Structure formats: structure tokens, C-alpha cells
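In the two assemblies presented below, chain A is common to both, partnered first by chain B and then by chain C.
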Partner chain A sequence: MAVEISAKTESSAMVAEAANPPATAIELTGISRHFGEVRALNHVDLAVRRGEFFSLLGPSGCGKTTLLRIVAGLDYPDQGTVRIGGQDMADIPAHLRPVNTVFQSYALFPHLSVWDNIAFGLRMKKVPAAAQATRIDRVMEMVQILPLAYRKPSQLSGGQKQRVALARAIVNEPQVLLLDEPLGALDLKLRKQLQEELHRLQRRLGITFLYVTHDQDEALAMSDRIAVMNHGRIEQMDASRQLYEQPRSRYVAQFLGSCNLLEGNLCASSDSACEAMVQTTVGHLRVCLNHPAPLGSHQKRLTLAIRPEKVQLLPLNGHPPENGVRGLIQDLIYSGAETTCLVKVGEWMCKTCSLNSSGQHQAFRIGQEVTLKLPADGIIILED
Partner chain B sequence: MSAHNEHGERPAEVLFGERLTRRDHLRRSAMLSGPGFLWVVIFLFLPLLFMVGISVLSRGAAGEISLTFTWENFQRFAGFGELGFDPMYPTIILRSLVLGLATTAICLVMAFPLTFFIAGLRSPLKNLALTLVVIPLWTNLLIRTYAWQILLAGDGWLARAAAWVGLTGAGEALYPGTLAVYTGMVCDFLPFLVLPLYASVEKMDWSIVEAAMDLGANGWRVFQHAVLPQVKPGVAAGCILTFIPAMGTFVIPDLLGGSKTMLLGNAIQQQFGPSRDWPFGAAITLLAVVIVMLGLWLFYRLDAKRGEGMIL
Partner chain C sequence: MTRGHWLLTLLSGGLYTFLYAPIVVVIVYSFNTARYGSGWRGFTTKWYSTLWNNPQALSAAENTLVLAVASTVLATVLGTMLAMGLNRYWFPAKRLASWLLYVPVVIPDIVMAVAMLLFYALLRDLVGLFNLGLTTMVISHVTFQIPFVAIVVRSRLFGLDPALEEAARDLGATPWQTFWRVTFPLILPGVAAGGLLAFTLSLDDFVVSFFTSGPGSTTLPILIYSSVKRGITPDINALSTLIILVSVVGTVLITLMQRAKQ
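The block that comes next holds the complex of A and B.
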């Protein structure tokens, strides 16, 4: 879609368009923020690419919302710089920044109709009335709220409010759209539906999205890249797949999906073959290294992680496979599409998970002795 | 199940967490509202009716109420007395309206920054500030007003400070005068505006303010579009609480204004007191009530017209 006014001020719009558009939409350098004794953000560096769907993921209190508010200009960092579209935002107040926010509580103007809510930003920028109407109509159609134009926010359902809040922000065609847990207050089904719509909308508009959420599924489903935050720091920043398949720390591995952890000592590693042998409480395991990296000296302590769906559950008969260990089924949890199985191997409790389409778990029952296959390429070596 | 049980009563509904039949509910309502209702009927509604009645009677030669019907009291109030047109009473109304409106306006302008300042304080300081706002209400109105007389007198430090700055001549008192009247009025009525406004400000949803800023609104527009609509109920309640008594007040203008000017309050007091003309006094009172009601109605209409109607 045509970008008529990509920034809140004419001057910044001209700056952004005159120069070659920079590849980074948002660039945060060394951002710190304290609230009294609490360190909300601790030297955060972050670069969001243009047109990217970028998520900040973390538990409540990890500083993700503070970071978003600093980008929006609703909060200010104690240290560090914020650049949006290459321009330093230090002296630019919220109302002049080329970003718009979708608030968690929607924050619709209660005394204004849906139409007037959406028109607010355009009126503030004194966009001509005819252009206003065209843009509002188009956006309302895009988020499917055309019939609601004359309602007041109090007459809307949660999902409808959410759509209005979204329309009110994107009608301004911001360089970056900031979303603060926009789907947090909705029920699961509606959330799933809106996730898909948001994803499609982002690709259609080509606006950079900075999305704050504590919901890992939501982040994985929608994002191009995710930054996992913890205690005011970014733990890891990667593409969704990379983050899930190759978490670097114990924290990321456990926060994103569930994970079986296993302590061990390094026995041998060969850089050329990209593999290592690790001695663990359940025996020696061969581990494939996706990224050849020096693992350190012999006997070094390591933490291994393996996702439940990577673990294969096999009947006891036949020749034991490579990385196979014997265990006892403790529990079988059927949850529709998949079955989760808890297997006890010595002192170690391992969780496995498989789709019911395979019918694999049907053959098993609680108390049965089985073989667990821990595939060498499914094991991740964590850094801590 | 039928809609009625064996006693012919309608099934119980749950109200205030209790199961009440319709009869229980009526009895409960009568008990709850009865005392207040009786009080208002006996001590407000009936006297008001008497007053309406008296206002169309005439004054006897000895100041008694004579049972002859007349519109004269209202004509006199409108300025058409026995001695031809005299704008005295219309002027009194106008003067009282101006005093009421001006006091409300000054209080409103002062209350806004004060309220936001208090709302922004940390909690122990906040309670202290609110107490300080309410303190004037703990003192008797007369004592407060006499205190202002002393403070504003020629040898008071306020007058001396004003003389030193050059605002007034040396030894000149700051009262009686308009400034003294408004000083006393604002001091008296400010809490009535601050408290309701504060209640609204405390309840404000600041994310709406942030949304307005985010959508490109600067200072004044944020106030206009995100703050004002949210605190409007508090502003309305405060203005009504201030305007109505401020319009009817006479003690402060009397004591600090030097009883040179007549206001609605004095006029009513004079008719019921020294002049012993109850019918005319009743007519003035009635018209004062009507003016206030008219004002409230206009206010309501204006509000409803804007499609918001969230105040009254």
C-alpha cells in the first residue's frame, strides 16, 4: 500500500524518504532503565530490521513492556540511545515519533465512536477530510469492522475492541507498529484467529512490527525473529526456528517449549566430525554439533537438552539403537492431538511427546519397560 | 415449574445476595428508603409547597400574610413594582449569578493543577495534602470569614505586604472590597471542587492519555481529548456543588464586601427578617430555585446534545 505519510512530522518523513531507507527500523544501543531499586532494563542492544515481525518474549517483569514504551516515547531510558529509521529519538517526544502503539488494554477513547477513534491520529496530523475517509474506510475493511463505525467502545466485544485498536494504529501508516500483548485479554480461540490475521496483515502492509508477548506459542507462530528476555536482559535473539531448535541457555530452552535437561561430562569431541561424546547419568551419548564450536577441555561439565518430540519411544524388543536407554513408563497423558509420556530412566525423568496420528503410544501402558532413543542430532548442548 | 408457588407469590429472585420474594423486596425497600423519604417529604417537600403557596399571597399591613391571591411579588421581583420600573432585583439576580459563576470558574482553574499535583504525590503525602484541602471545612464559616477580616485589615501583614509592593497605599485595608469577597469565597468553596475532581483524577485511565500522545496529540490536545472527557463527571459534580451555594451565599459578601451590595441571599434574609414581607421573600426564594434548576437543565441538555450524557 502507498505510504502517504510515513512519519508523524513532515520533516522526519522527508528525511526517511530522501535518504536510502535504512535497513534497520529500530536500533537500540545500551538501553538501561531503573525504577527505584529495580533494574528493569540492563544494557539492552537490539536491532529490528525493516519489514520484520519481531517479538520480545519473556515472563512478566522481564522488562519487555518497558522496552516497548521506550521505543514509543512513553518512557525514557536512563542510558542508551533509541534510533527509529536511522534518526535519534532522544529529543523527540511520543507524539512526534513515527511509531504507533496497540495497547494491552486497547486504550480506546471511551467518549468517541469507533470511526472517531480511528480518525484521531489523522485529525491530529490535519490530514484532509477526504483522504481521512478513504484511509479509514480501507483500514476498517482490512480488519473487518466496517459495520461498527458508529458504535462506542463500550458497545464492543473484546475481539472487536482489539480490531479497533489495531485499525486506529495502522491507519497512521507508522514506520513501526508497537504491539503490547494485544491478544492477552482474549480467549484462546479468538487469540489463535487474530494471530493468523495479524500475521497476514503484517505481510500485507509491510510495516515493521515490534510485538511484546509472554506467550511462547504466539511468538513462535508469528515472528520472523524473537528476543527472549529475562531480568532486563536479552538472553537470546534469533529466528523462531533457530531459537527453538538451538537454544543457547537453560533459560531459553525451558521458556520456549518444554525440554528434558541432562547433566553430563564431555568425554571426547572432534571438531572435524562435528560430534561429541558425553557421559551422562543415563550412559554415554553421542551428540551432533550443529555449529562447530570449541567445547572446551576434557571432562568439562555440560548441560544437554532434548525436546520431548525428538525423543523416540520404542518397545523393548530387538537390538538397542544408538543413544538408546531403558526406562519405565510413569504416566501417559492423552491430550487429543498428541500424547505425552513420562519415562523414568534411573533418577532421570524424561518427557516424550508424539502425535496420535502415528498411533505409537497406543501400544504402551503405564508401568511398561521401554527403550528411549535420544537421537544424536536432537540433543542440544547448552552454554550454562 | 409454574411461575407462582403455592402461596400465589412470584418466585424469589436474588437481590443483594439474598433470595427475596416480591413482597420481601417491597418491605425491604420501604425499610431502607423510608426514613430518608419521610425526612425529605416533611422537612423539604412540604415547606417548599408552603413557600410556593405563600409566594402568590400578599403582605398585610402589619407584616402578616394576607390570604389574597396576587402575582405582584413576581412582578416586583422582575422590576415592575408600585413605583414603576426599578432594576434593583434583576440586578441582584445578575450579581448573584456572576458571583456564583466567577467563584466556580476561579475555583475550577485553581482546582485542576492542585488536583493533579495531589494525585501525583506518594501515598502518605497524598493523604496529608487532601487533609490540608479539607481543613477549612472543619472551621465554622463565620470564624473563617472573621479571620479573613483580621488578615486583610489595614494593620495585617497582607495589607502591609501589598502596600510595600506598591499595590495599595500604606495603612490601607484590603477589605471591604471585591478582592476580599473572592478571596473568602474561593477559600470557602475550593474543597467542594477539589474533592470530586480528585475522585475522578484518581480513577483516570492513563493509558488513554498515552494513546492520545502516541497518536500525535500534544499537550493541550491530550488534555482536551484524553484528560477532560475522563474527569468530566468530577468537574460537573464539583461545579454544581460550588455554584449552587456560591450563588446563594450572603455571609461572605456581607462581611468581606462591607454589606454595600445586595445579593440573593441578603434579599431573601431581608424579606423574611427586617421587612417582614414573607410572600415577597418566598417569591425570591422560589425564583432562585427555578434559576438553579434551569441552569442544571441547560447543563444537562448541552451534555446530552453532544451524545455523551455521562454527567447527570
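The block that comes next holds the complex of A and C.
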């Protein structure tokens, strides 16, 4: 059923897009924020589309929470403008903004029952009592907390508190829901379950989600688009798949998943053929480019990246394949669904990994000499 | 049981006797029939009825209550506001302001009282107001009560998650609504405990009241003091017993409210 609804919202969104320019839920331009000497945000530009699940991803202290608080109106930028639904928020205080927040600490009112917590926003907006009750019942059912209505927050488990915090926010039907590491305090299993629920809920409600997290798996699993942040700047902003497959910088490549990095010099490139030859410490490698891009002059230093699951492990026999290098297996790490293999090629340590169901690693053992194939279309050229 | 344990028990027993025996004596003698001397002549409650028919005592009791209630209300409101301000906002010399809060707590009452007396005299010369009486007493009491209220409320505010007020604003509450619907209910145990503390302090105060009182504003502690100069009478014992009772009830309530914190 959820799938049906999502398909419908997607198609209607496409119709809307065809008619008008794409609707923007949040538009941030040139946002800067300093705390004393510390630059928390440095000229951040960001546009979140209506109905999108958008994540701000980065380590702690990268400015992602500050950015969220600025959108909520709980903090103010030193420079820059915030627009929500096309409206400038400069003079609009937090309590008048069409957004609601799910706080990291949940921030449930300890002196109020679950019901009164959820009713809080509706009472502030003076929604008639009958309408309040209907709306509260509906969201409580949606997040499965109906039996908890008369409990106090102190009588709830972590997962239940999380659901109440979510219900308290979405009952107000905000234009944008802001979520500040909402699953950070939960254990792994519950976190996975709530990730799926949040994802379904977002599709069902069609509300724009702006989601702050430091967990890359969480961001990849749930988001339509992700902005990776570092030191108060956005490093890269793309769709989840794009971000993982085509990271532009070392930082993004290493923050999202693991990555093998390799330094090299450009030997030859042709703008039309979408490929380049790079001389590296492990030999010459051919690199396919997704789209033609001027790479710069001959002998330019480049950093190449290749994901462990793109590297192929082959036995030594036979003809060496294209982009094949010889190495020695240092370690094999079995972790249930997949096996990770560390291969030493000269001074370079390369990580490969494959699903155990593929059977690729089963023929190998530690100390064995192997051929690593670095497929030309699996190699990414980074900008730094 | 060891010998050390016995000694310790004895010592503690002695200490508690020293602390509480005088109070017990006052309470016991308030029920003694004998008007003079220390001999026990039988049980009576007549000194309590004597007190009830003593217009001086009644008017002193009224003054004491009016003073305590008025000063407590003012001090609780001002002390809570002070605690909020110190907790929320940054301003130049904030640290100094926090330290100054403790000065009235540690300064000797007598110094405070003399300072007040001088200050009112000075103000009278300048503006002609501030004749000594109940009003000056209320102002003086508020002055020494504020720090106690502010310190108790501030400790409660420290334990408050700032995200709670942000959540209220985020859900559409104005700053005023946020205070009354979220902040105040959560710091109420602290405010009430601070208020009760201020109330008992005002009730018991002699030194500051004595120095800042005027004609017709005699309070119970002042009445007791002036009566005692003519010798201790059983009705003063009865009066003291009643004051002890009110103070004890107040202290028990404060303790209960502090416990409600957890």
C-alpha cells in the first residue's frame, strides 16, 4: 500500500514539475555562522526539493546540527538567507515557522502525558478540540503508540520516546520535518527497524524531511539526496547512488563506505574518448570516465579511488587481464554475508570484498599470490 | 559492639541533647502552671489562651505574617526572575553578578541591618520617604530573601534540558507560553522550596526587623525580645512553641519539595 501511494506522489510531483519550475521546500543561500573564533558554517548554499528525503551527513562538529537549527529558527545565521516554501524567514521567529523538529534528546515534556505532549502544538495553534483528537489518534496509530496515551515520558523506553517525539512533530503537518540524529540513542537493531519505518512514513506523508546524521549507512539507506558536510562546508551534494559511485573528493570517498586510494600521474587523456591512462605505483591503469571532462595537463598528479567491491580477485594462472596487478593476500576477514580480503601490492594495501554467496573468495588463502583486477570503469578520479 | 562505637553514640547523644534540650524545655514550660520559678506545678494550656487574649501579641503575630507573606511573594518573583536571567543570558560582568548573589547570604545579619538603617536614613534626607515601619521591613526582608530564592531556583534551572524550551517554541509556543506551559511547571518545585525558605527566614528574623521597624510594626521576635527583658514568662514560652511549630512545618515542606525534584 505504501508503495502504491509513493508511486502516486511521485507521478504527481512529476506533473507539478512539468507545469512549474521545480518546487523548493528549503532554500539556503550563503549561510555563515561563527561561534567566537570557530566557523561553524561557511557560506553554505542548499536547496531541498518539496517532498524530498534530504540528509545532512558529516562527523560531529561539521555544522550539520547548526544548519538544522538555523532552518528551525532556534539559531540565527551571521550572513545569508533562509527561505522556506519560498518565504524569507529572516524576521520569522521559531514559533511561527512552518517546520517542526524531532530533537536528538527527544525533548519530550516530562510533566505532560504522551497525549498532552502530542497535543501541545495543536493547542498552541488553537485547533478545535474535536479536530485535535482526530489528528492525534491518527498519528498515534501511524507510529503505533496508541496504548501509551496516558503514560508519562519517564515510563517509556527509548524507542517509544522516539515514536512520541515523531508523532508530536508530524501531527502539526509541517511543510518540512527537521530530524536531528533522531535514531542516535537507539541500539542497532531498533535503529534499523525505525529507519525502515521512517522511510515508509516519509513516503506516505509526502512531507519534506531534512535529516541530520553522522551514520553513512543510515543516510544512504533513507535519503533521496545527501549533502556531505565537512568543517562548515558542503563537500558534495548528490543523490545517494551518485554520491557513492562518483565521489568527487577524498573526504567524500572515505566518509561514505570504504575506499582504496592510489596516487598517480596523468599520462594521456582524450577529451572525446572518455578515458585516460594514469601511471601509478602499481603500474599503468586505464580509467574510464563517466562523462568527458578536461583532466588537465600531462603529468598532473591525480588521486584514484576504487571501492573494495569493484576490485576483482583472480588466480595467477592465465594471461594477466587489463588493469591487472600482482599481489599477496595478507588477510581474509569473514563477516557473515561477505568476506574482506587485504592484498599487498608493493607498498600499496588494497582492500577487496565480495559476497560469500558469489563464492569468489573461497578459493583463496592467506599468503597466496593473486592477480587483482581494477576494472577501468570502477576507478574514480578524485578532484584532490 | 565495640568500645569506639559506644563512645561515638554517647558523644552524639550528648550533642543532640545540647541542641534540643533548650527547645524541649521551652515547649514543656509553656504547659507549666507555675508563673514564676522553675518548679513544675502541673499541666495547663492557659498560657495559650492568655496569648490569644493579649492584643499586643495578636498585633505582633499579624505584623509578622503580613511581613512574611508580602516579602516572600516579592522575593520569590524577583528571585526567580534573577535566576532565569543569570541562567539564560550572557552579559558583561555576569560572573561578578553571580558572586554578588552570595554576599547577602554570608554577610552578618547585624551588618546588613545597620546598613539598611543607614540607607533608609539617607533616603529620608534626600526624598523624605522611607519612614521606618512595615514597608521598610518588607524591603529589607526581600533584600536578604532574594539570594536564597535565586540560588534554589537556579540549581533547578541548571538541571533543565534547554531542548525542552526549544521544543516548545518549535511547536508554536510564544516565549510567554513557553514559560508558563513548560519552564514554570518544571521549575515549580524549586520556586516553591525557595519561597518557603524565604518565608521561614522572614518569620524567624529578629536582627534586621529590629533595626528597620518603626512604631506599630512590632513583630513576634521583637515582642519576645522586649518581653524577655522583664523576665521570661510562660506566655512567651507558649508563643515560642507556636513559632517553633510553624518553622518545623515549613522546613518539612521544603524538604518534601526538594525531594519532588528527583
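Basically, the second predicted complex is superposed on the first by the 362 of 384 C-alpha atoms of A that agree within 3 Å, B and C clash if a C-alpha of one lies under 4 Å from a C-alpha of the other, contacts with A are read in each partner's own complex, and residues count from 1 in each chain.
By our rule, a residue touches a chain if its C-beta (ideal position, glycine included) is under 8 Å from a C-beta of that chain, and two chains touch if they have at least 3 such contacts.
Quick caveat, the model's predicted, so the values are computed rather than measured.
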Clash-or-fit label for the pair chain B, chain C on chain A: clash
Chain B versus chain C as contact partner of A:124, first or second or both or neither: both
Contacts on chain A seen with chain B and repeated with chain C across the two complexes: 72-74, 93-96, 99-101, 103-105, 107-111, 120-121, 124-125, 168-169, 172
Chain B residues within the chain A interface of the complex: 205, 207-208, 210-218, 221-222, 225-226, 229-230, 308, 310
Contacting residues of chain A [partner chain C, same complex]: 72-74, 93-96, 99-101, 103-105, 107-111, 120-121, 124-125, 168-169, 172
Chain A-facing residues of chain C, complex: 161, 163-164, 166-174, 177, 181-182, 185-186
Residues of chain A that touch chain B when the two form their complex: 8, 72-74, 93-96, 99-101, 103-105, 107-111, 120-121, 124-125, 168-169, 172
